[in-house]
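Two complexes follow with subunit A in common, the first pairing it with subunit B and the second with subunit C.
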Partner chain A sequence: MLEIEGLSIGFRDVEPPLEVVRDFSLTMEPGEIVGVVGESGSGKTMTALALMGLLKSRARITSGRMMFEGRDLLTLSRKGWEEVRGKEISMIFQEPMTSLDPLLTIGRQMEESLRLHTDLDRRERKRRVLDMMEQVGLPQPEKLYGCYPHQLSGGMRQRVMIGAALITNTRLMVADEPTTALDVTIQAQILALLKKMNQEHGTAILFISHDLRVIRSICSRVVVMYRGEAVEMGSVEEVLSSPQADHTKQLIAAIPDRENRLRGGKERS
Partner chain B sequence: MGRKSTVLEVRRLCAGYGKRKKYRQVLFDVDLCLDRGEILGLVGESGCGKSTLSKAILGFVPAKSGQIIHHTSRPQMVFQDPFSSLNPGKKIGWILEEPLRMQKDRLPAGERREKAVTMARRVGLDESFLERYPGDLSGGQRQRVSIAISLIQGSELILADEPVSALDVTIQKQIMELMLGLQEELQLSYLFISHDLDVIYQMCDRVMVMQAGRIVEEGEVERVFGAPEHPYTKELLAASL
Partner chain C sequence: MEKGFYRYNMVVGGILAGVMTVFMLVGLFYTPYDPETMDPFLKFAHASLAHPFGCDQFGRDIFSRVLQGSGTTFLVAVGTLAIGAGTGTFLGLATGYFGGWPDEAIMRFNDLIVAFPSILLALISISLLGPGKYNVILALGIVFIPSFARIVRSEVIVHKDMDYVKSARLMGVGHMRILFVHILPNIKGTLFSALAIGFNNAVLSEAGMSYLGIGVQPPDASIGRMMSEGQAYIFTAPWSILFPGVVMILMVLGFGLLSDGCGDRDA
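After this line comes the complex of A and B, so read on.
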């Protein structure tokens, strides 16, 4: 479904030219959940933005190929991107506070993709939105439809984002740290929701996170990025149980798990 | 040994924000006792009152009722975001010396400098860092600076509010190890606030679980994680990955 080959992204307006992603390759099958893990500045988000055709103008794709369902994404015109983005590939972000428009109602934001990509009439769009609200677990859809983002909690806003992203039966969803800003109990709910949507709709998810614990809980395969390069790739199980790259080993050793307690059984007075 | 080594006591503390009709109580009957050399974890979800408690302890939020008793001088705070908590226009050396400059019986410049150098080294930064600006430092390095600032006046009690939450895991681990090393060396006491149960488990001796402004469970870390009693603690543990 998705094939990224030798992707490099750089900033050419700085001296010396800066490569932030180097020779990155990845393939994804329909319905798969693949994780991209790495620390801040490792190139995760740049890769995701490139995949959405959303790189800022300073950043350029310097080499490589990106094929999505037989189409070459790198040759897409602005118009071509508008056909793909939001309809076949959509994205959700870490901060549901800033990625929803504060001045538009929840209903209006969720139907946006339907307005752009379908010729459904108003009533049909509303019916689909209410149906999607139910699917992503938003309570009282009729009432929420006319609410504004600030009236919702972080977890509910993220549900809105997910609903909006999936409403056109998206084939691929790019999720950039979608649970990082949420409390653990909410995080667990959102991860469960993503899994459910993945199973019911067959939407493939490219799941970007700095947290291997999250990746472990939702992905089947994982790519480890370090300083712009994919240093390791494989099934989550394999990578976690027998990591090959040094950086993967460091990441795993640093997971604050409940087995290696740093604070040894210190005697207290 | 019981009361004698207690550095901080909070008794039936109620506190909140706003005036008169707009008053909103955030903390309800919070009790807390922190011993010398102890690391006490405080865990709970956003908005539950964790940060309000630490602010109340430092007097930034007035208590409505209850007592806060300090048995040490100059408790200090370390914040989550090392990007917004350091003055971007000043060099690290200046920032480190600032608490000393504010003291009543001010040390001469030479001695202040000396202390800043020593403290920087202690947190793993060499002397050259004193000439740099916060913008030149990574998140981990800035958090090292924040820790150095909190310790430079000889404080024994540190309130650390999500000190590693904004850091990458590998850096997170380094900072946790640094804090544990300093704790041992200087016999510090920490109130360690985090929403991350795994971080609490790694760092703390005891943990208090806060929900909607109340402490719902408290105990040795092993006991609370191994055999949680309160439904909310169970819920938190079940949700963590």
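After this line comes the complex of A and C, so read on.
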């Protein structure tokens, strides 16, 4: 479904030219959840933005190929991108507190994609939105429909974002650190929701995170990025149980869980 | 104290601006006496029930003239804002959002206009176009473009990188829709307060130009012109300059307070 091959992204207007993503390749099958893990600045978000055609104008794709369902994304026109974005590929961010327009009601924001990409009339759109609110676990959809973002908690806003991203039955959702800004219990709920939506709608998810624990709980495959390069790729179990790259080992060692603490204690004693 | 203080500003400003707007609107359509009719028996008549603001050196009813004059002022101010704020907002949206060399070119041209004393610029335009209500609107309108362009531009630059705009882009929203449906409503607080200040400046500029004799021309009454005419009688008949002055102060005060209130509510 998605095929990224030898993607490089760089800034050309600085001296010396800076390459932030080097020779990145990734394939995704429909309905798959693939994780991208790496420290801050490793090029995860740049890759995601390139996939959405939203790189800042200073950043350029210097080489590589991106195919989505047989279409070459790199040759799309502006109009072409506007057709793909939101309809076939959507994205959610880390910060659910700021990702919603403060002056538009929840219902209005969730129906934006429908408004842009379908010919549904107002009543039909509202029905779809209410239905989606139900699916993403927002209580009292009728009441929330007319609420403004500031009246909702962070977890609820992230549910709204997920609902808005999936309402047009998108084929692929890019989730850029969607749980990082949430506390642990809400984080678990959102992960469960993403998994549920993935199973029910068959939407593939490219899950970007710096947290291997989160990746482990939701992804089937994982790509480890370090300084703009994919240093390791494979199924989650494989990568976690027998990491090959040094950086992967460091990331695993950085998981503050019980086993690690015990192991650390043994070594010291 | 801060919050209450500003809310108080907003309420007082709102009421005052509202009353003055009604006053100006009435002045466009109705005056108790014909503002042009001269009556030698009423020359410098004191304020009375029949003539609440008294009469001027030609025996014209000052209240009627102030009413009509503020109507003219209102028209000029609104026209100026329509041109200045309309064009300025449009330029600010475009340059702030798209950036690049058009932004650079337009903003430098903006700087050029700003670097010129605005009253001088208006004077030049008037000497090219000739005096009169509509030319004043055009001249002031052009002078007002840069400030709106700059205010809107800086707000757009702040908002265009916010996550909600990014999310909208990610849903496939086009540039025009982002600008007018997503960004513009979010900067309207700032825009309103700039509009209220702009209205004030337009009122004062029009009065200033009319005072200098290059603004509104007879037979149209204007507050600025009344003050310039009344100046000669400031000691013998102070009411002929006092009342137009007071009306203008109330007008400017009302919109000024309103602007303060708007700005705070937005913050």
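Heads up, the rule we're going with is that the second predicted complex is superposed on the first by the 261 of 269 C-alpha atoms of A that agree within 3 Å, B and C clash if a C-alpha of one lies under 4 Å from a C-alpha of the other, contacts with A are read in each partner's own complex, and residues count from 1 in each chain.
The definition used in the following text is that contacts are C-beta pairs under 8 Å (C-beta built on N, C-alpha and C of every residue); 3 or more make two chains touch, one makes a residue touch a chain.
Bear in mind the structure is a predicted one, so any value in this text is a computation, not a measurement.
Applying the stated contact rule after C-alpha superposition, one finds that A:150 touches neither subunit B nor subunit C. Touch criterion not met for A:123: it reaches neither subunit B nor subunit C. Contact with subunit B, but none with subunit C, is seen for A:211 once the two complexes are overlaid on the shared chain. When the shared chain is aligned, subunit B comes close enough to touch A:40, but subunit C does not. When the two complexes are overlaid on their common chain A, residue A:250 makes contact with subunit B while staying clear of subunit C. Within subunit A, no residue touches subunit B in one complex and subunit C in the other.
Within the complex, the subunit A residues that touch subunit B are 39-40, 154, 183-188, 210-214, 216-217, 250-251, 253-258, 260-263, 266, 268-269.
Across the complex, subunit C meets subunit A through its residues 162-174, 177, 182, 185-186. Those residues of subunit B that touch subunit A in the complex are listed here as 1, 5, 35-39, 45-46, 139, 168-173, 176-177, 180, 184, 195-199, 201-205, 225, 235-236, 238-241. Across the complex, subunit A meets subunit C through its residues 52, 54, 81-87, 90-93, 95, 98-104, 112-113, 116-117, 161, 164-165.
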